[in-house]
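Letters A, B, C, D and E mark the chains in the order given here, with residues in each chain numbered from 1 onward.
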C-alpha cells in the first residue's frame, strides 16, 4: 500500500537517511522509534515530499514517484493521499481552530462550507476542543494546538496519515483518548505512520514497530517482538531505558 | 554618445555631495525612525498619538512644502526663542528636512519589521535575563534586518533620488547640475545629460542593492530553512 | 507673512476639479504595481532561472533611474527614436506621439512595481516557512497555499510598507505634469505661476494632499488591524 | 556658491542721500539657480554671468552702504524667500503685473527689457502678431515663466477667441523650437536673444515672425524694503542716464533696449 | 525561597489561574502535572513575568514583587534570578547552537567570551550536542532544539529554573540523561519547577508533585504520596491512566 524504496537524503554533506526501505499494508499502524536526530522527522517529511529525497521511490497505492524525477503533479497527488501532524504543530496562524480544520476540506476537497463545518466540529469534539473553536493558535496551550493539528489531519480522510510525535504535548489522559481515536481510524483502513518516543503508546497502538538510528532502520518487528524480544543489541539498550517500568501484563 | 560622456564627467563632481547628503539624511532618519517606532510599538500615551500625526504629516505633504517649512519657517520659529540659525548652510537645512521626512517613513519600515518577529523570540531573550534593549540589539534587530533589507533598500534609493529636491534651495546636487548643464544650452543636450545622470543614479542604486543582497544572502544561510522544522 | 485664506479658498474648486485625474493615476498604477510587483517577488523568491535574473535587472533599472528621467525618456525620447527607426527602415510603423495619460499610467505602474516587488519580497520572508509546509501537507497547491495562508500573514508586516509606497506614489504622480498631464499639483503650480502666490498655493496643495491621503492612510491602518487581528501572530508558538 | 563683491571702495560714489558712512548693510539676494541665459547663468568657468548679473554687480559698486550676498536657488524658492524676508530682494528678469504687485514691492525704474517674439516656421506668413494666433497653438509653457502670464493676460482680454496654450511642468527652449519646426505647434513665444542663441546651434528652418512686446524687467523686493527700492531707483536711473546699462544691453542683446520698440525694431538687423 | 501568593491570571474573560499559592524551598524540584489547558504553562510564564498576573505576589529569595505594581527594574531582577526552558524551545533564530547558549552569559552575566565559550561547550557536551555547535536552530531536529534550550537555561546558573515539558521531544534514553543532569543540578541547590506529562519522570525527579486543573492546584504532595496514595478523586483518575503500567518497585 505504502512502499519506500531505498530513500536517501542529505543535508549538505551530512547523510541523514541512508537508504530506507519500508513496506506498509493498508490499515497498518507503524510506529517509528529512535534516538533524537536519527532521521525520523526527515523520513516522514520525505514521504510527503516536503523534503526532497536525493534517491529512492515512494509508492502509495497506485501512485509511484521516483525522487530523481519529480513532477509538480505527482507531488500534489502524493500530498493529497497523505496528511501530516507536525512535531511543532504548524497550525495556520491566521485561522482559528475551526478554520484550521475546515481549510483543507474547503480548498482541497471542495466540500461545502456547512458540511465542512459540521465535520470539523465533530472532529474537534472528538479531541475535546469544541469549546475552543474560535480561538486562534496563539491562544491555545501546547496540547490544544497539538490536538488541532491531529484533527486537521484526520479531517482530510487521507490514505496515509503521518504523525510526528503526536502526543508529545499531551497529558496521560489525552494520550489515552488520542490512542482510541487512532485505533478507531485504523479500523477504517487508514494507514498510519507514527513517530513517537512513548514506548507504551507504540506498544499499544502499532501493528509494526520500526527502530531507526543514524539514518538506518535497525530493526522492524511487531511490538511484542521488538519490545520483549529485540534481536539487535542496540534496540535492546534503547528499549531497556524505559521498558523496565512496565508491568509485563500484556 | 560623446555628449553623454561629456555630461557624465561634468556631473561626477557633484556625486560626493549627493551621496553624503543621502547618507546623512538616511542615518539621521533611521535613528529618528527607530525612536518613533519604539514609541508607537509601546503605545506610549500622548507621544504615540503625536507621532501618528507627525508621520502622517511628513508622509502626506509634498516634499517641497516640508523643505520650505524648514528653510523659511524653522529659523523664524527658533528666533522666537532666541536661537539664530539663519547662518546655517542650505545644505544643513536640507539635511534636516530630509532627515525628518525619512524618519517618518523609516519608522513605519522599522515598526513593520518589528511586528514580523515572533514574540517568542523576545520572550526567550527576556527569559535569559536580557534587558529590553539588550534583546533588541542582540536578537530582535538582527532578525528584523533580515526581513527589512529589501525595504530599507527601497527607502535608501528613494531618498537618494528624492534628494534632487535640494536644488530648490540652491544646493547643487547631481540633478541640479544636470539642470544647469542643460539649461545653459537651452536644453539642446537634455536627453544626453539625463542619460548620463540616470546612469549615475542607477549605478549607485544598483551597487547599494547588490550590497544589501550580499548581506541578505549571508545572513539568510542561518535561516535558510527557517523553522522548517522544530 | 500672513496667508491669504480667501485667495486659497477661491482656488480650491480648481484643485478639486483635478482630483479625479490624480486619483485615477494613483489607484490604477498602484494596483497594477501591486500585482506585477508580487509576480516579480515570486519569481525572485523561487529563484526561477532566467526570469529571476530579468526581474532583478528590471527592479534595479526602474528603481534606480529617477522617475522624471523615465518620463522624459519615454515621452520625448521614444518618439525621437521611433522617427529615427521609421526613417531608417522606411516604415511608418511606430507612432510619433503617445497618449500622455497612457504613458503616465504605464511609467507609474512600472516604477511602483519595482518598489512593491521589494516589499513583497521582504514580506514573503517574514512568514515562517512552516506555514507553507502545513498548507502543502494538507494538499494545497502552491497558489492556494500562497493566497489562503501565506499572503494574509505576509501582509501584516507588509501593509505599513505598502502604505509608505502608496503615499509616496500619490505625491510622485505630480511628475505627470512633465508630460502635460494636469494633476492637482500642476493646477497649484499654474495658479502660483500667474500670481506668484507660491506660499498660499503650496500650503493649499499640502492641505489637499494631506486630506486626500489621510483617507487612504486610515484605510491602511484598518487593513493592518484586520490582518493582524486575523493572525494573532504575536504570541504564536508560545506553547 | 554665492559670491559677493568685496572691493567696493574704488567705486565712484553717486550723489546719494546718505553720507558715505562706515556702516555697510549686507543684503541677501536671491538669484535663479537654473540658468536663464543671457540674463543670468553659470558660464563655462562656472561663474555667474549675464545681463542681470552684471547689472547687480554695477549696482553693488554704486551703493556703498550696501553689500550684496548672493544665493542661487530655484524660482519658487526665490519668491517664497523674498516674501518671508529671508532675502531682501530677488533678481530674475521678472515681469510686472497687478497680482505680483499685491505681493511684492517693485522698484519704479526698470533695469532692462525682455524683447519677446513669436517664432514660426520659415515658410509661414500667416502669423504677424499675437492677434493672428487666435485658434492656433503655442508651444506648451511652464507655469513659472513670465511669458505664460503674458498669454494668460492676453486671453483674459480676448476671452471670446483665446490663444491655445498647453501647460507643462517645464520645457526647454530646444524642445519648443523643435516642436514648432516639426509643425506640431504653430508658434513659440520667447525671448528673442534666447531664440537666436538656440537656433544658432540647431539651425532649424525657423524665423522671428513678430516682436510681441518689449517687456520691462524688474527686481522684486520684500514688501518692507521701501527705502531700499528707492535707493535702487536712484542708482538704476543714474546707470541708465550715464549710458552704462544701454551699453550692457548692447553687449548682451546686440541692441539698446532702452529705446522705443520701434527704434529697437529698426536697430535689429533682421529680414 | 520561591513563594507564590494568590496568583490570578485572566485572558479576556477567561480566568486561567484562579489564585495559585505555592511555597518552594531551596533545592526543591517541583513537578507540575495536569491536563492540557489547565494553566501550567501560564503559571510558569507568570513566575518570570512573561505573562503579567492580575493579582498576587511572587517572591524569590529576597525579592518580592506585587503583580499590581510592577516596575521595570523588578521585572528584570526577577528574570535574572530565573531561567526558562520553553515548551516550543524558542531558540534564537539568528544564533547558532553555541551562540544560543553563550548569549546570556556574555550579555547578562558579562562573562568573557572565551570563558563563556568553554562553559557553553561543556554544557552542550552534557546534552550530547557538542557536534552540532555551529548548526542554526532551523537545522536541528526537535529533540536537539529542546536540548539546546535546556543547555541555555542551565548555563545561566539561576536560582530557579522553570522547565516547560523539557522532555517532550526526547527519546527515552535522552530522558534518562536529562534526568541525571537535573538531579545533579538540584544537588547544587538550584530550585526547579518542571511542568511535565511524564509521570515516571515526575516520580523519579521531584521532591514535591503538584496536580493542577482548571487554574487551581488540586493536590500537592511528595511523589510517593501523590502517585500511590492520592487524596483527591480527580488526582486518582488522572494518575490511573498511566500508573497502572508501573511495576510498583519503588
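Here are a few things to note about the model shown:
Convention: contacts are C-beta pairs under 8 Å (C-beta built on N, C-alpha and C of every residue); 3 or more make two chains touch, one makes a residue touch a chain.
Small disclaimer: the values here were computed from a predicted structure and weren't measured.
Separation of subunit D from subunit E in touch steps, taking the shortest path, is 2.
Seen from the Cα centre of subunit E, the chain whose own Cα centre is farthest off is D. Summed over C-beta pairs in contact, the chain pair with the top total is B-C. Between the CA-based centres of subunit C and subunit E the separation comes to 51 Å, rounded to the whole angstrom.
In whole angstrom, the spacing between the mean C-alpha positions of subunit B and subunit D is 38. For this pair, subunit A with subunit C, the centres built from the Cα atoms lie 46 Å apart. Within subunit D, the positions touching two or more other chains are listed as 76, 80, 84, 175. Taken residue by residue, subunit B touches two or more other chains at 64, 68, 120, 123, 146, 190, 225-230, whereas all remaining positions touch fewer.
Residues of subunit C found to touch two or more other chains are 76, 128, 130, 133, 199, 202, 233-239.
Every residue of subunit A that touches subunit C in the complex is listed here, in rising order: 48, 50, 76, 79-80, 82-84, 86, 88, 90-95, 103-104, 107-108, 136-139, 141-142, 145, 152, 156, 169. Residues of subunit E touching subunit A in their complex: 11, 33-37, 40-42, 87-88, 139, 141-144, 147, 164-165, 168-176, 197, 199-200, 237-239, 241-242, 244-248. Here subunit C touches subunit B in the complex through residues 59-61, 63-69, 72-73, 76-77, 80, 115, 118-119, 121-122, 125-126, 128-130, 133, 156-161, 163-165, 167-168, 170-171, 174, 185, 199, 202-203, 205-206, 209-210, 213-214, 217, 228, 233-238, going by the rule given at the top. Of all residues in subunit D, only 1, 33-37, 41-42, 71-74, 76-77, 80-81, 84, 86, 171-175, 194, 197-198, 201-202 touch subunit B in the complex they form.
Against subunit D, the residues of subunit B that register as touching in their complex are 64, 68, 71-72, 75-76, 86, 90, 167-170, 172, 176, 179-180, 182-188, 190.
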